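Structure, as structure tokens:
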Amino acid sequence: NQPGAGPEPVGGAEEGAVKKTLVIGAAASLNEAFTELGRLFEAQNPGWKVEFSFAGSGNLKTGIEQGAPLDVFAPAAEKQMNELLDSGHIDPNTVRLFAKNELVMVVPQNSSVNSREEIIHLDIIAVGEPESVPAGQYAKESLTNLGYWEQLEGKLVFTKDVRQALFYVERGEADAGFVYATDAAKSETVRIVTPMPEESYQPVLYPIGILSNAGNREGAEMWVELVTGDQGQGVLSKYGFQKP
Amino acid sequence: MPGGFVVLKVKAEKKLGSMVFSFDLELPFGITAVLGPSGSGKSTLLKLVAGILEPEEGEIKLKEQVFFRKAPQEKKHYSLPPYKRRIGYVSQNYGLFPHLNVEQNITFGVQGNKPTVPVTKMLDWMRLSGLGKRRIHQLSGGQQQRVALARALMTGPSLLLLDEPFSALDNLVKNKLRQDLMGIHRELELPIIFVTHNLDDAMVLGDYIVIIDEGRVLQIGRKQDVFSRPNSIQTAKLLGVRNFIHGMVTGHDAVKERMFIDWDGKKLAVPWAEGVQLGQKVTYGIRGENINVVKTNQNQQLEPELTTNLFSAQIVDTVQGLMGYRLVLSFAHTSRKMEIIVSNAGYERHVKGKKEIQVIFEPQFLCLLR
Amino acid sequence: MVFRSHSSASPGNLLSRIGTGCFLGIWFLFILVPFLSLFLQLTGFDMGLLTGSTLAIRAVTTSFTTTAVSLMILVVVGLPTAYLMAKHEGSLTRYGEVLLDLPMVLPPAVAGVLLLLAFGRNGLIGSLLAKQGITVTFSWFAVVLAQCFVAGPLFVKSAINGFRAIDPELEETALTLGKCPWQVFWQVTFPLALPSLTSGLVMAWARALGEFGATIIFAGNFPGRTQTLPLAIYVAMENNFALSMGLSALMVLISFFLLTLIKLLERKDAGRFRGAKG
Amino acid sequence: MVFRSHSSASPGNLLSRIGTGCFLGIWFLFILVPFLSLFLQLTGFDMGLLTGSTLAIRAVTTSFTTTAVSLMILVVVGLPTAYLMAKHEGSLTRYGEVLLDLPMVLPPAVAGVLLLLAFGRNGLIGSLLAKQGITVTFSWFAVVLAQCFVAGPLFVKSAINGFRAIDPELEETALTLGKCPWQVFWQVTFPLALPSLTSGLVMAWARALGEFGATIIFAGNFPGRTQTLPLAIYVAMENNFALSMGLSALMVLISFFLLTLIKLLERKDAGRFRGAKG
Amino acid sequence: MPGGFVVLKVKAEKKLGSMVFSFDLELPFGITAVLGPSGSGKSTLLKLVAGILEPEEGEIKLKEQVFFRKAPQEKKHYSLPPYKRRIGYVSQNYGLFPHLNVEQNITFGVQGNKPTVPVTKMLDWMRLSGLGKRRIHQLSGGQQQRVALARALMTGPSLLLLDEPFSALDNLVKNKLRQDLMGIHRELELPIIFVTHNLDDAMVLGDYIVIIDEGRVLQIGRKQDVFSRPNSIQTAKLLGVRNFIHGMVTGHDAVKERMFIDWDGKKLAVPWAEGVQLGQKVTYGIRGENINVVKTNQNQQLEPELTTNLFSAQIVDTVQGLMGYRLVLSFAHTSRKMEIIVSNAGYERHVKGKKEIQVIFEPQFLCLLR
């Protein structure tokens, strides 16, 4: 992947055409996939410009509640979407699921751990804060169902997001961690030990929805089409996401 | 109150902590020396005129211009801000700007790049040539004092207020500066008020003298008048009078030129004074310089009226001073000692080697202190 | 100088010097090692990539324009505030000063939420502004406001201190020299307080430049508009750790350069208050 | 006083006073409204819940113990550092000062990452410590280190400024009065620099108390061990916004109380440098 | 160099900016007044002794105790830190602690709660009673100066260094303090060195005088010797000599008591001096106080040798001074004017109303300036 290849503004001021701007708030973990999709969108729809605000799903949610001028909301979990649906900020008819992720157990590259069972012998295990980080929530659910959670108490370090959990494993601060497959794929210094059994936790689904007061409903619908369509799914799978 | 057109009028009440100052004075055009004990309110007076302190009530006027006015009961007051008073003020601590060099300090108050005097000339005047680029902390105490003086002069003020402007200067530089100030005073018709503890400064430079004590004006007048007729013991002491004679009026001569007092049993002739009654207790002061030693063979030649005031005295102590000898004398009739000053020549001729001398208190030098 | 000149004479002093030298060492080690780690981390990372990347260039631009404007606002609004607070003492000023300190206490994210509550579309003031068609949130200006809110107290506090330390006699003297209060301020008060002012400004600038939590909540994370360097680093961290470290290093380098520049300018009139004896 | 006393005389001055009054108003409005919003937000929220909540009590305890220890470390290590930096001028000190400023520039999260890189299990220093069986990360002490790293420069910078502003003649005089450098420091230098020191300490304390990014990365989020108030607020914010605002309000109230206390103590010897004329 | 046991020895080279100071002096036990023009290095000398400044090289010793020693080529140096020198130092700016009140300032240097004098007594001495709880900025200039003096005295020093200790004090307080200092000096056997610009202070308080100019010692000696025999024009001027006579030696009398010089064509008798050759150009100085007015009928009685030194002079200017009159005289044979001081009584009797007077330059008051 190309580091830092942000969205190049297509065309330029010289073209002179007044562009309509689509503003998308998305979970930070969608950064690369969405950025690529944004370029695609702009190429396919001249006259449109896509702007992103990548932040934590919670931050985005707070922003939308306080009137952030967004058209599309794509958090990393259904929780925030549901809350915004309840408060009426999202148009319920537009909400779709567009991607699925998988929870995996990772260890540092040079770790000798090779199986899930060894987890109980480890000292520090990084998981997202179950209360606020979806990945943490899934990890807790999965580990509880598998019967490990109780035994791990005291060894768990809760992180403010998945990235932090991954970082701990990368740096060897944690002996193992539970992150999304997509995150694990980005890192060269961690090794996936095993995906967590699918049945041990609810499926990790990424919802997308259009804001009730979206300024550019037309574009927003086009964006949702793109993301849920074949082309979009192709790009997403490139970054490790599965079909919902 | 000295005569002439009133240039400065100060009538002000001011509180500072527990001190209450109550100044009331009018000054004609000239150079005024402010004298007074340490802590008496001299600096406070200058600050009130400069506008750095504001009275609780009163009136301060320079010529026709009102600096401050507030009647006792009124709530409103008028106060001309200090930067509109056009005053050259040198504070006791100089108040030099540490972030500016000497030249920048000196030209600080100059409006619109038109100094009254070119800076280099001013530096020259103040014997500061070559120090223009120095920072203030790189100067000696006396150099700093001159920078402050130069700075105040450069603004072309209409009144100069100097708080002990020569205290850190040697005599040579001081003499020169006193000359220059007198020149400036005359040329620019600039009234000057300066605080000093040095009587010589007051005498050489001042036209008028204001004596201040405990926040009040004790005496004010032409310098000759104040020096020769201090109106209280405190003033006299401040002006360097060290000898005091306490007595009782016993009579006066026919033409009312002289009175006589009883000085611890001896008769002494003093100048006649209006309003003094027979039997009244009085105090006279006389400077050591004005008590003269009688030449050994001179007493025959003395005018008769002076013989009354001739006294024999023992020399108790001799100190060689700068301009002569300081003798401490004791008298047979009184327990009080006197200090007299004898010139070098006079000492050599008429005192040296003697244990007892005769001194004369000329009535004209005896000054009644009420 | 005072202490340097006598130190050689007494061995007890030598001991205490070693002691204090140790403290200095600890302190610098503590600061230095993390930065060293940062640059070691970069071995192999091509810093050249950054200079070509629009992401980096846009973030740097946004960061420096917003902080510049924030500082300008701080100076324009904060300087008089500090001056008035320093000159007028009373219980009002006393509690005012405490109020001034409060934004520093808040975790930046909370500060962001509070700003939203106040200036958001539904906020106390924001709703009034919205009626006039003015939206503050998620704009470039929101970044500036967030920075002013969190960094302002640092500047104002330093400035108050600087103004308080000035000998009032100097200002009084300047008044008697015919300078109106305005001139006195610029020619005496301001230059004398300058060391405190620059140091306050440097602190405020540093704080504003590193500001993340309040910005991402109050201003959002729009590249080219509100995406400052810390926000770009955050996004990069999620996806490309090396890039985020590269951006951090870039930020440190530019800051080091700028801070050194300020120091050098400051030193041009060094020794202002101290001479050979200092 | 200087300015107050003459203001009534000139109308131009009055205008400029209104102007500066406006600035003051703007500034305080800008600070006040967000805090007002916070407390308005709380209507209906039962603050009593907080005092009973172990989460809140633990977070408050952790926050105040860690910041207290951080301040102690800052004073013990930072004070000599600042003093030496202020007294010795040279190019080394010059760049040292810039280095000192750098941690302030970093976004807190990056600061946390750098601390991990340096003191983590595989970090430059951390790996050495690990061999001795010492782990710094995820400990209570890590919180303190993170706070020192981000807040230290505020204190040291203020202190340097305070020390620099002291007239060396006073220290010299104290030496001639038979006081050894140690006594001179405590009896002259220190009290004279005190206003700068307290203001630096208040800034550092506020910054440390609000510290979130570096702490959560370097120290993790362990309730009762490393979960400070900002971390607790963060966790609450995602689930229970009202609780998070309640915690924020609690934090603001306690801080306000403490800051006011400090101000009052400070004022006990007010007018130290200024008298009636000031 | 004054005789007696050497108490303080200073031999020091010091650079400050472009100034190079090179002091070399030895002082016996006593009170020493340091005089010199502003900016000459007086304060620098005191600071070197106090240890606030350090010489580039040289040696400073108090009695047997070495304060500083460094040979020219050596790299190592020995320097006793100021806090071990047991010196009471009052700087020109007082150096009072603004964070302490008067009492705390005064007791600042007291070791182990055992002041040499109770604080209240010291406050009393310094006329500061009742001001103990005041902050420094609430004091007048002179009050501050006394606090600084009190503070230095309280530590029980073994040497007192005072930089213009009386500059802000009125005469009454000053006289008292001078007395007190002399008492302390004698009682505690405490050597005192003080800088002053006031000749009267030097004369009253000093045993020895050091004259400094441009960072060098010009003259050093007992006060009488220095005052009566300044060794250079510069010194003489500093000591208040205003009249200079430039002439050429033309001869001397038989018993080598007198020499004669040619003063712009007139013959003048001067004291005989060793090593002066015939035809040599010489300069003599004489104080205004020592030029005496001849009484109208006195010249017949004069000793013959004095008639040589009798000159007629026009009175050009008359200024009434504090202790007499200052007359400016012009002479027929020379263009140089002279300034003389006449006592009030003398003026009244022998000068008043006259345009021309006769003055006499007694040889003993004429001082050769090499």
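To keep things simple, chains are lettered A, B, C, D and E as they appear, and every chain counts its residues starting from 1.
To be clear about the criterion, a residue touches a chain if its C-beta (ideal position, glycine included) is under 8 Å from a C-beta of that chain, and two chains touch if they have at least 3 such contacts.
None of the values given here were measured: they were computed from a predicted structure.
Listed by label, the chains that touch subunit A and also subunit D are C.
Summed over C-beta pairs in contact, the chain pair with the top total is C-D. Of all the chains, the one whose CA centre sits at the greatest distance from that of subunit E is A. Taking the mean of C-alpha positions as each chain's centre, the chain lying farthest from the centre of subunit B is A.
In whole angstrom, the spacing between the mean C-alpha positions of subunit B and subunit D is 57.
Mean C-alpha position of subunit A lies 90 Å from that of subunit B.
Within subunit A, residues 62, 167 each touch two or more of the remaining chains.
Residue positions 2, 6, 13, 113, 117, 123, 169, 172, 175, 181, 234, 237, 273-274, 276-277 of subunit D are each in touch with at least two other chains.
In subunit E, 16-17, 51-52, 81-82, 93, 138 are the positions where the chain touches two or more neighbouring chains simultaneously. Those residues of subunit B that touch subunit C in the shared complex are 50-52, 81-83, 85-89, 91, 93, 95, 97-99, 108-109, 111, 135, 137-138, 151-152, 155.
Only residues 1-4, 6, 13, 16, 19-21, 23-24, 26-28, 30-38, 40-41, 76-78, 80-81, 83-85, 87-89, 94-111, 113-115, 117-119, 123-125, 145, 148-149, 152-154, 156-158, 160-162, 164-165, 168-169, 171-172, 175, 181-182, 195-196, 199, 202-203, 206-207, 209-213, 229-230, 233-234, 237, 244-245, 248, 251-252, 255-256, 259-260, 263-264, 267, 270, 273-274, 277-278 of subunit D touch subunit C when the two sit together in their complex.
Considering their complex, residues 169-170, 172-181, 183-184, 187-188, 191-192, 194, 269, 271-277 of subunit C touch subunit B. By the touch criterion given at the top, residues 58, 62, 124, 129, 131-133, 157-160, 164, 167, 171-173 of subunit A touch subunit D in their complex. Subunit C contributes residues 49-50, 53-56, 58, 109, 113, 116-117, 120-123, 126, 135, 137-138, 216-217, 220-223, 225-226, 234-243, 246 to its touches with subunit A in the complex.
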